[in-house]
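Naming follows writing order (A, B, C and D), and every chain is counted from residue 1.
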Amino acid sequence: MTTFLLIAALLVLVMVAVALARLLRSPRPVDWIMAAQLLGTAGIGALLLVGTATGASGALDLALLLALLAAFATLAFAASVRSRTERGRGSAAEAGTPAAAADTANGGLDP
Amino acid sequence: MIMVLDLFTIVAVSLGLVLFLAGVVGLLRLPDPLSRLHALTKADNLGLGLVILGLLAQVDWPFGALKLIALWVLVVVSGSVAGQLLASTQHDLLDTAPARVPDQSADRSQSQR
Amino acid sequence: MNAAIDLGLFADLVIAVSVAGLALWLVLTRERFRAVVGFMVYGLFVALAWMRLGAPDVALTEAAIGGGLVGLLLLGASARVPPEPAATTRRWPLHLTAALLSAVVAAGLAAAVLALPEPAPSLAGTVADALPATKVDNPVTAVLMAFRAVDTLFETVVLVLALIAFWSLVPDRAWRERPAWLPSPRPAPALVLLARLLPPLGVLVAVHLFWIGTSQPGGKFQAGALLAALWALTMIAGLTRPPAADRRLPRLLAVIGPAVFFAIGLAGIWLAGDFLAYPTGLEKPLILVIEAVLMISVAVALGLILAGLPPAAAALSTQDHQGGAGAPREPRS
Amino acid sequence: MIQATLYGLVGAVLVGFGLYGLIVGASALRKLIAFNVLGSGVFLTFGVIARRGAGAGFSGDPVPQALVITGLVVAFAATALAVGLMVRLAEVSGRGDVDDEGTAAAKPSAAPAAPDLPSSADRQVARPQP
């Protein structure tokens, strides 16, 4: 059983690593934060699998914290992108997409 | 009994892994952010849900299992709202001026589409 | 069993390569905003590494501080400093020298790691022997609260000092204004829903982390950092407003932890014969009391730092549009 | 033990990357990120020492672990102070870095007129205001 759970954890980790490499190279900011979201979920999965396999204490608590922080990162990111575009400071280089720059030209998202 | 529980764990965790894999393949292959987000949320809710379901058979029953279930509820609730938030943020970013109706109810209807 | 160890090592290898790759990418990537978001991901990954190193207490702290708080601080700051020059002239001599220097330092450190003494020096045995006297089961909490309590006391003092130094950057004319570093967009429904949803769950997790801290991984720093993050979250969504630096209550809460800790430490001189010694029989209740007030102080101090500084350039850059850096932005009521 | 060595090497590599970024970073914010990477490398190396000291039923030597927890909080305090200084520098002088030559040329044109501010006066000597 231990072996199976460890293999599963390993697979999850490899998948996360591959997806992270792809997402973080994307030009779109929303992809970057998807990487954080994915790491939250899959990190929890890997943690629980390894924690159950090896009986490491604290795995579940760290998983709880990761779940909260992934959602937290998403919220902070979304708020940041929104307030950037609202303030019209989100230049293409900063906010990432040309569309964001175009959006700032008409004064923000929620008039 | 132990055998049955182990078998249950293996089946559920494997299914969860398949869903994770599908989510990751979706993340890698799908063309635009919104469909990638769609793939990601499947891995979020079902993939992790199945892994946790499988692990339920391996932890000590009253408290360990309750904690696992609480964790899954937390992930599902926060993950779905976070997905919604990301989608609406991305939608607003891509959206250009003509399609915009200037109030918040419009924002909501956009993100529910 | 042997296979299990090998598989664990494989997992370590994946984590190690990912952490190193992420670090390199953080340093090299061109876009600043991307590096800031990437830093959050990096912090979460380093937390996994700590977990594998058998240090769940550190993993929790790293996830909360490295992944959450530092990321948020940088996110707030990155909107407030001027954009980077698009393409600086690459100064190759400097880059080459820096790369060489860094390589030499890294190689030296690697050599030191490889040459660590074989029966590793350890205080684990000493801690295990003295642990029963503290009536605390988590060895890390015992070290923090009993064996090296002076460290912990002055660390919390350092945190308060950092807050004071941070606030001393506020110009006099902006002293009574509210901090405005956190991104505060107009509230979108999903944003507000998430910000209403997370705090109750988060507070539950924080209390849980605090409560089990005496017997299992967890404790005041982890719980306090999580609470601070949750507070910042409600400020971002506009559900609460960051307090101005001249408010009494936040200030009081920020110092109450170190003050109570210090008072109990002083009382130890009379009651138990030494500074920061706990009277027999009262060890665990006292440690719990100290942890509780420290958690509050850590949460408030970290939260106040996250809230940032008032828009100091209010008077300076009213005519200056680019200075969105400091333009006064009242959070919505 | 192989595991500990592996993470020790990662710690060394992180210190190297962090140091490089600290020197060549394009702005103060980037240098701060690099500094945090450097710090996490140092902490990780320390964690390896804790791991090697595992014994007496603990998965690691608790003393270095406790020190790392203390260190993480203090590192956050230092980062916060640095961020505060960085933002104030940007507010009074419109600059994103303390570097004299690198960012001066590409400085945003809308920087506030700073020479009359005493706090930034000493930094103005080496650099003509555009």
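Here, contacts are C-beta pairs under 8 Å (C-beta built on N, C-alpha and C of every residue); 3 or more make two chains touch, one makes a residue touch a chain.
Please read all numbers here as calculations on a predicted model, not as lab measurements.
**Student:** Identify the chain whose mean C-alpha position lies nearest to the mean of all protein C-alpha atoms shown.
**Tutor:** Per-chain C-alpha centroids ranked by distance to the global centroid put C first.
**Student:** Of the chain pairs A-C and B-C, which one is connected by the greater count of C-beta contacts?
**Tutor:** When B-C is set beside A-C, the one with more contacts is A-C.
**Student:** Would you kindly tell me how far, in whole Å, the mean C-alpha position of chain C lies from that of chain A?
**Tutor:** 19
**Student:** List the centre-to-centre spacing of chain B and chain C in whole Å, with centres computed as mean CA coordinates.
**Tutor:** Chain centres of chain B and chain C, defined by C-alpha means, are spaced 28 Å apart.
**Student:** Between chain A and chain B, tell me the centre distance in angstrom, where each centre is the average of that chain's C-alpha atoms.
**Tutor:** 12
**Student:** Could you tell me the distance, in whole angstrom, between the mean C-alpha positions of chain C and chain D?
**Tutor:** Taking the average C-alpha coordinate of chain C and of chain D, the gap between them is 14 Å.
**Student:** Would you give the residues of chain D that are in contact with at least 2 other chains, written as numbers and ranges?
**Tutor:** Correct list: 59.
**Student:** Give the residues of chain A that touch two or more other chains, as numbers and ranges in rising order.
**Tutor:** 16, 33, 40, 56, 64, 68, 70-71, 74-75, 78, 82, 95, 109-110
**Student:** Listing for chain C: what residues touch at least two other chains?
**Tutor:** 8, 32, 52, 54, 57, 83, 86, 188, 190-191, 194, 198, 201
**Student:** So, with touch as defined above, which chain pairs make the list?
**Tutor:** Applying the touch criterion to every chain pair yields A-B, A-C, B-C, C-D.
**Student:** In their shared complex, at which residues does chain A touch chain C?
**Tutor:** 2-3, 6-7, 9-10, 13-14, 16-17, 20-21, 24, 29, 32-33, 35-36, 39-40, 43, 46-47, 50, 53-54, 56-59, 61-62, 64-66, 68-80, 82-84, 86-89, 91, 93-96, 109-110
**Student:** Okay, in this complex, where on chain D does chain C touch?
**Tutor:** Interface residues on chain D, with respect to chain C: 2-21, 23-30, 32-34, 36-37, 40-41, 43-45, 47-63, 65-70, 72-74, 76-81, 83-88, 90-92, 94-96, 102-103, 105-108, 110-112.
**Student:** What residues on chain C touch chain A, complex-wise?
**Tutor:** 3-4, 7-8, 10-11, 14-15, 17-18, 21-22, 25, 31-34, 37-38, 40-41, 44-45, 47-48, 51-52, 54, 56-57, 59-60, 63-64, 67-68, 71-72, 75, 79, 83, 86, 182-186, 188, 190-191, 194-195, 198, 201-202, 205, 208-209, 212, 216-218, 222, 226, 229-230, 232-233, 236-237, 324, 329
**Student:** Within the complex, which stretch of chain C touches chain B?
**Tutor:** 188-191, 193-194, 197-198, 201
**Student:** Looking at the complex, which residues from chain C come into contact with chain D?
**Tutor:** Result: residues 8-9, 12-13, 16, 19-20, 23-24, 26-28, 32, 35-36, 39, 42, 46, 49-50, 52-55, 57-58, 61-62, 65-66, 69-70, 73-74, 76-78, 80-86, 88, 91, 94-95, 98-99, 101-103, 105-107, 109-110, 112-114, 116, 120-125, 127-128, 139-140, 142-144, 147-148, 151-152, 155, 158-159, 161-162, 165-166, 169, 181, 221, 298, 302, 305, 308-309, 312-313, 316-317, 320-323, 325-326 of chain C touch chain D.
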